[in-house]
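Going by the order they are written in, the chains are A, B, C and D; count residues from 1 in each one.
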Amino acid sequence: MESIGVGLIGTGFMGKAHAIAWNAVKPVFGDVPSIRLAHLGETSDELASLKAVEFGFAKSSGDWRKVIADPEVDVVSITTPNRFHAEMAIAALKAGKHVWCEKPMAPKLAEAETMLAAQRRSGKVAVLGYNYIQNPAIRHIRKLLDEDTIGAVNHVRIEMDEDFMADPAAPFQQRHEAVNGWGAIDDFGVHPLSLVRTLFGSVARVMCDMAKPYPTRKTENGDRDVEVYDIATILMRLENGASGLIALSRTAWGRKGRIAIQIVGAKGSILYDQERMNEFQLYVTSDRATEQGFRTVLTAPHHKPYDRFVPAAGHSLGFNDLKIIECRQLIGRMRGEETAAITFDEGILIERTVAAMARSFEEGCWIDI
Amino acid sequence: MESIGVGLIGTGFMGKAHAIAWNAVKPVFGDVPSIRLAHLGETSDELASLKAVEFGFAKSSGDWRKVIADPEVDVVSITTPNRFHAEMAIAALKAGKHVWCEKPMAPKLAEAETMLAAQRRSGKVAVLGYNYIQNPAIRHIRKLLDEDTIGAVNHVRIEMDEDFMADPAAPFQQRHEAVNGWGAIDDFGVHPLSLVRTLFGSVARVMCDMAKPYPTRKTENGDRDVEVYDIATILMRLENGASGLIALSRTAWGRKGRIAIQIVGAKGSILYDQERMNEFQLYVTSDRATEQGFRTVLTAPHHKPYDRFVPAAGHSLGFNDLKIIECRQLIGRMRGEETAAITFDEGILIERTVAAMARSFEEGCWIDI
Amino acid sequence: MESIGVGLIGTGFMGKAHAIAWNAVKPVFGDVPSIRLAHLGETSDELASLKAVEFGFAKSSGDWRKVIADPEVDVVSITTPNRFHAEMAIAALKAGKHVWCEKPMAPKLAEAETMLAAQRRSGKVAVLGYNYIQNPAIRHIRKLLDEDTIGAVNHVRIEMDEDFMADPAAPFQQRHEAVNGWGAIDDFGVHPLSLVRTLFGSVARVMCDMAKPYPTRKTENGDRDVEVYDIATILMRLENGASGLIALSRTAWGRKGRIAIQIVGAKGSILYDQERMNEFQLYVTSDRATEQGFRTVLTAPHHKPYDRFVPAAGHSLGFNDLKIIECRQLIGRMRGEETAAITFDEGILIERTVAAMARSFEEGCWIDI
Amino acid sequence: MESIGVGLIGTGFMGKAHAIAWNAVKPVFGDVPSIRLAHLGETSDELASLKAVEFGFAKSSGDWRKVIADPEVDVVSITTPNRFHAEMAIAALKAGKHVWCEKPMAPKLAEAETMLAAQRRSGKVAVLGYNYIQNPAIRHIRKLLDEDTIGAVNHVRIEMDEDFMADPAAPFQQRHEAVNGWGAIDDFGVHPLSLVRTLFGSVARVMCDMAKPYPTRKTENGDRDVEVYDIATILMRLENGASGLIALSRTAWGRKGRIAIQIVGAKGSILYDQERMNEFQLYVTSDRATEQGFRTVLTAPHHKPYDRFVPAAGHSLGFNDLKIIECRQLIGRMRGEETAAITFDEGILIERTVAAMARSFEEGCWIDI
C-alpha cells in the first residue's frame, strides 16, 4: 500500500472529525502510507466544493455515489445521518472500498445485519466510529484488566449523560420522532456498549426501563408527542457473570460529555470519566492498608499511543485526537494488523444488545442476548 | 420537660455514637432540657459498669429489662443487633418510654409491623437512627427542591458502596447467614431509601437484581455457602413518576462510606457524596450559559443547624455530629415539635420497599409497593 | 489523677468548642479520668450562669479571677480575645493551674515571652489551641515523613485562605485596628506555622510581603484607614534547607477554611486541604510508572485516633472532633505522657517567626529566625 | 494572501506540534488561506527528508539556511533548542519572512533584545509559542475579567510544576548547565508570565528565591555540580497594585503539566489548572449566599474557538489543539488582524521579568522591572 485514497461523505460534526483525522494521521503517527484526500461528497455541488477546499480534498461531488465510484478512492468515510449508513456502506463495500462508518450501524437491526452481510461478501475492512474506546486511558484500563491488576471483575456501572435535550422549553425536533430509534438506548447506549465490549466482552442479558421526562414538545402548531425516550436505566449481566448497570440520559443538566465507568474487581477498582478523559483512577489492595486510595493517574507517553501526540506526561489529548487514533487503527486493519477497533462483526453485537434492551422495556422482563 | 432521663442499651459502634450524642446535645444546641444519663444496659454487669463510667451514666445493668423498667428513664436508645430491636422497642414502648432505635427496624417485615403497632398503642415517640438525612447539606438540598431551584425532578440515582466485605479471602461470618436478611438491600438499602423519603417521598415500584460476588467463604471446616447478596441493583419509579435507580455494594474496593446521589430536574441538577459530607454540588440553568457549571458548595452556618457546631463556614461537621442533630430532632419530637426524623410510621414504608425489592428479585419482575 | 476539674473562660466560638471537647473527651476516649466541669467564667454573672447550664458547668462567675482561684479547678481553658491571653494565662499558672490557651499566645511577642516564663516558673502544663495539627490525616502525614515514604523533603507550600474579610463593602471593625496585630500573618499565619513545626521542624528564615486589598473601610462617620494586612505572601527556608512558601488571605472569595499543603520529597509528594479534612493525597514513585498518581486516601480507624470516634473508614470527623483530640493530648501532658501538642515552649517559636515576618516586610529583606 | 508557504526548522516535541498545527489549521478553521508545506529543515539531509515525508513537506534540507532562503517560504517555524532561536529568527526576519518562534526568545536577555530589534526593522510578524494562553478557558477567563465578573483583581497565584527532573538518581544532563539559563525561572517561568500578561498586564516588581534540591548529579566520571535551579518561588506585585506569587518546580513528584492559577477579585474568584485544561472554576458573590461555591465550568462551543474543533460541550480539546489555535492567531497577525498572541514586543517584557527575577535572587531584594 503506497498511499491511501480517501473518500469522505458528510461534513457535519463527524465529517469534520474524519477530515481532521485524515489530515493528521500521517504527521502524528508517521508509520502509515501517504494519505491522498481524493474525493469529498456532500448534498450539493456547492457545499461539497466549499468543504473540499477547507478539508484539502482534491475532488468534490454533490452526489455521494460519485465518491464511491471514484477509482482514486480506497476507503470511504461515511458520516451522514444514521438512516443513510446502510445504503452507503453497502454500496461502498460492493464497489470494493474499505469503509469507516459512524456509529451506530443503522436505526433498525435488520439493516445492520445486511451491512454485516455486505461486508462479509466484500472481504473489505469495515470499522465503526466508536472513538471512546481509542483513548489511551481506556486502552490502559484494558491492559490492567488483562494483567489481573484488580482481580476478577464482579461489578460494572456505566453512566452516559449529557444535557442537550434537557431544556423542556426547547421545541420538538426530528430527533423526537420514533423513526430515529428509541432515543437514549441507541443514540447513547451504543457508546457504553462499545466500552463494555472493549473492556469485558459480551452482555448476556438485560432488564431495561425507559423514561420520557418531557412527553410533549412545542411545535409551531401546538404541542406534539415526543416519541422517544431520553432516559434509560438498564440492569445487565455480563457473560462472565458479573452484574452491572447502564444509565443513560440526554436530559441530565450539567453533564456535557459524561461517560462514567466504575469497575470493581476482587483486588481493586478502576474509575473513569470521559469529561476528564486524560485521567483514570485506580485502587489496588496491594498498596499498604493505611495508604490505600484511588490514584488519579494522568495519561502519559507510556500509555500508548499518547506518545505519538505529545512526549510529555499530563499534557492532555482531546476528542479529535481519539478520532486520529481510530483512523490509525482503521489503516492498520487495512494492512492486516490486529488493531483495536470495532468492526461490523463486533458492531452487530452492540446493535443486538440495543434491540434486546428495547424488547425488555416493552415486555417488562429480562431478555437474554 | 425539666430534664430528660436517658437509658442506653448497647455500646458498640452505634451505642457509643448515641452516648456521644447524649453528652453533646445540650452543649451544642443549648435549647434542650438538661440530659440525665440515667441507666446503661449491656450483656453483662461488668461491661455495663465499665461503659457507664466511660459514657457518664449513673447506673448500669447486665439486663436490658432493668434499663427499661427504670423510672428515671424517659427515653431508651436501642443500639443492639437488629434481631433484638423488636423485642426491646416493644418492651420500652409498653413501659411508657420514648424510643430511639437504630435502623433498620427488624430483619423481618412482620416484626417491624408489630413495632409500629406497639408505638401506635403507646403514643410515645419512636425515632429511627437514619442519621444521613440529618446532614445540613441534605436538609439544604431538600430546601432547594422545595423552592423549585432545579425544577421538577425527573431522574434520581443513588449509590451506596463500601468495601468491608470486599476481600474474597476474608472468612465466613455471621453476616453471611440468611437469618440476618438479604445483605445489601437491607443492610445498606435502607439508607438510600431514607434519603429518597426525605428528599422525594415514596417509591412506587421497583425492579431488583442481586449478586453474590463470592458465593462461598472459608470457615475452619472448609468452605461454606454465602447466603446473602453483597451487591444489589434496583430500577425504581417514584410516586411522582420520576425514574431512578439504586445501586448497592458492600464489596466495592476503595469505597468507604460512599452514598452518591444524583438528582436531575427540569432546571438543574444536584449532586452529593457522603464521603465528602461537607459539600454538595448544584447546577442551575439560571446562571449565564457560558459560566454554567456544578458549584461545589461547602456547608456553612446558614445551612442549619451547622451553625450550632461551628460559626465559620467550611470547617466541617463529622459523622458523630449527624447523630447529635438526630438526637436534637428526637428531643424535638418528644416536645411535640415537627422535626425532621424518620419515625416508625415512615420507617415501615422503607421496610416495605425492601421487602418489595426482595420479591422483585425472586420473581424477576417489577413489584408495586 | 482521679478526676480533672475544669475551668472555662470565654464562651464564644472557641469557648463552645472547648466546652464540647470537655464534655466529649471521656465518652470518646475512655482512657481519661472523669471530667468535672467545675467553673465557667464570662463577662457577666448572667451570661456565665446561662452558659454554665448549657455547657454543664457546676459553678459560674462574671469574674474570671474566681475561676482561676477556685480550688475545684485543675486546668483552665482560656478562650477570650487574644489581648487577654497573657494576663489570664499568667494568673492561672501562678495559681498552680494547668492552662489550655487558644492561639496565638498574645498580640505582642514580648507578652508571649512573659507567658512562657510564667509557665516555666510554674512547672504546669500549658498547651495552645492549634487544633489542625490534631487531625489524624496530619498525624499520619507526619508518620509517612518519619518513615521516609516520600524521601527527604525539598519543597513545601502552605496556603491558608478564607473569605470572611473579602467583602469590600463590609464596614470597618475592630479587627482592622493595628492593636490586634498585623492581620493575616498572626491571625492566620500561626496555623500554617503550627503545621510546619509539626511536620518539618523550624523555619530558618523568611521574606515577607503583605498587602491591603481594601485600604479603607466604611464607618458611620465616613471612611477609615484599615491598619492591618489581609494578605501576606512569605518565602521561607526551613532549617533542613528545604525551600518553601506560605500564602495567606482573609479576602479570598470562595475559600472558607482552606489550608492547602503541598509537600515534595525525593521519592514522592503529599497534598492536604483542610476543607476536605478527611482525606489526604499521596504520590509515591514506588508504584509502577504507568499507574503512578496521587492517591486520595480517606481517613480511617487505622489513622489514630480516628478509631475512637468511628470504627468505620471514610465516615468523617469534623472540626470539633479535632478539639476533642487536642483535649485528650492536653490531658496526656497533664499525666506526663509525650503527646503531640504545641506547648508554650513550641508556641513561642511560632510567635518569633511571625515577628520575623513582620520585620522582613518592614525592611524588605530576608530575616533569620 | 492566496496561500501561505511554510518553512519548519526542527522536528522535536515542538517541531512536530508545529507540523500538526500547519496540517490542521485549514480543516479546523476553514477561514484561512491554503497552507503550502514548503520546506523542512533538520540537522541532516536524511533526517530532514524522512520528516518531510512524515509531516507532508514538499522539500527538505539539512541546512536551515536553505529553508529561510527558499522563496516558496512565507513564514518560518523555529522550534530548535533555545540557543539557536536568535540567529535563526534574525536571519528569517532579514530574509523577509514572518517568524513563529518557540519560547523563550533566547537564553540571554541581550540576544532577545536583538531579536526584537530585527523584527522591528523587518516589519514582519514574529509570534512566540506561548500556547497555554490560547486555551479557550484562558481566553474566557480574560473575558470574565474584562467584564468585571469578579471585580478588581487584588491577588494572583500561579504555580507551574512538573516532575521530569524529580528523580535524584537521574544523571547529569545538558539541561543542568548554566549555559542554558537559570533553570525553573526561564524554562518554566515564562509560561506563567505569558499568562500574567494575557490576563492582567505587566509585572511591576519581583522578589525571587531559587533552590537546587539536588546540587550534584551523576556522570560517568563521578558527580558533577548542577548549575541551575529547579525550584523558584517569586513574590510579585503587578502594575495594577495586586500582590501575587509565582512558584515553579521541575522536581515536584506527581505533577505532570500543572499550571495552577488562582485569581481573587473584589466580587469573586477564578481557578484554573492546565492538567485539567478543559475546565475552569468560578466563584461569584452574585449567587445567593447559601449556594455560593466554585462552579466547575467545562469548556464548550460558546468558549471560542472551541467550536471550531467540536460542536458539543465538554468533549475536550488537547494540548496540540492549543498549537492549532496559536497557528490561527499567527495567520491572523499576518493578515493584519488583532489576534491574541505574544509577539516579540510582548515577549521581551517576559524576558526582562525573568532577568529581574535572577537579579533579585542574586541580590536578595526586590527588583523593579
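Here is the rule we go by: contacts are C-beta pairs under 8 Å (C-beta built on N, C-alpha and C of every residue); 3 or more make two chains touch, one makes a residue touch a chain.
Predicted model only: the values in this text are computed from it and were never measured.
Participant: Give the label of the chain whose average Cα location is farthest from that of chain A.
Facilitator: Comparing chain centres, C lies farthest from chain A.
Participant: Using the stated contact rule, I'd like to know whether A-D or A-C comes out ahead in C-beta pair count.
Facilitator: Of A-D and A-C, it is A-D that has more C-beta pairs in contact.
Participant: Can you work out the whole-Å distance between the CA centroids of chain A and chain D?
Facilitator: Whole-Å distance between the two chain centres: 34.
Participant: Rounded to the nearest whole Å, what is the centre-to-centre distance of chain C and chain D, using the mean of the C-alpha atoms as each centre?
Facilitator: Taking the mean C-alpha position of each chain, the two centres sit 41 Å apart.
Participant: Compute the distance, rounded to whole Å, between the mean C-alpha positions of chain A and chain C.
Facilitator: 53
Participant: Two or more other chains touching the same residue: where does that happen in chain B?
Facilitator: Correct list: 255, 292-294, 298, 300.
Participant: Considering the complex alone, what residue numbers of chain D touch chain A?
Facilitator: It is residues 13, 16-17, 19-20, 23-24, 26-28, 30, 34, 53-56, 162, 164, 255-258, 275-278, 298, 300, 309-321 of chain D that touch chain A.
Participant: Going by the contact rule set out above, which residues of chain B touch chain D in the complex?
Facilitator: 140, 144, 149, 279, 281-282, 284, 287, 289-298, 300, 302-303
Participant: So in the complex, the part of chain C that touches chain D is made up of which residues?
Facilitator: Contacts found on chain C: 150-151, 154-155, 157, 159, 166-168, 207, 209, 211, 213-214, 231, 233, 235, 237, 242-245, 247, 249, 251-255, 262, 264-269, 283, 285, 292-294, 364-366.
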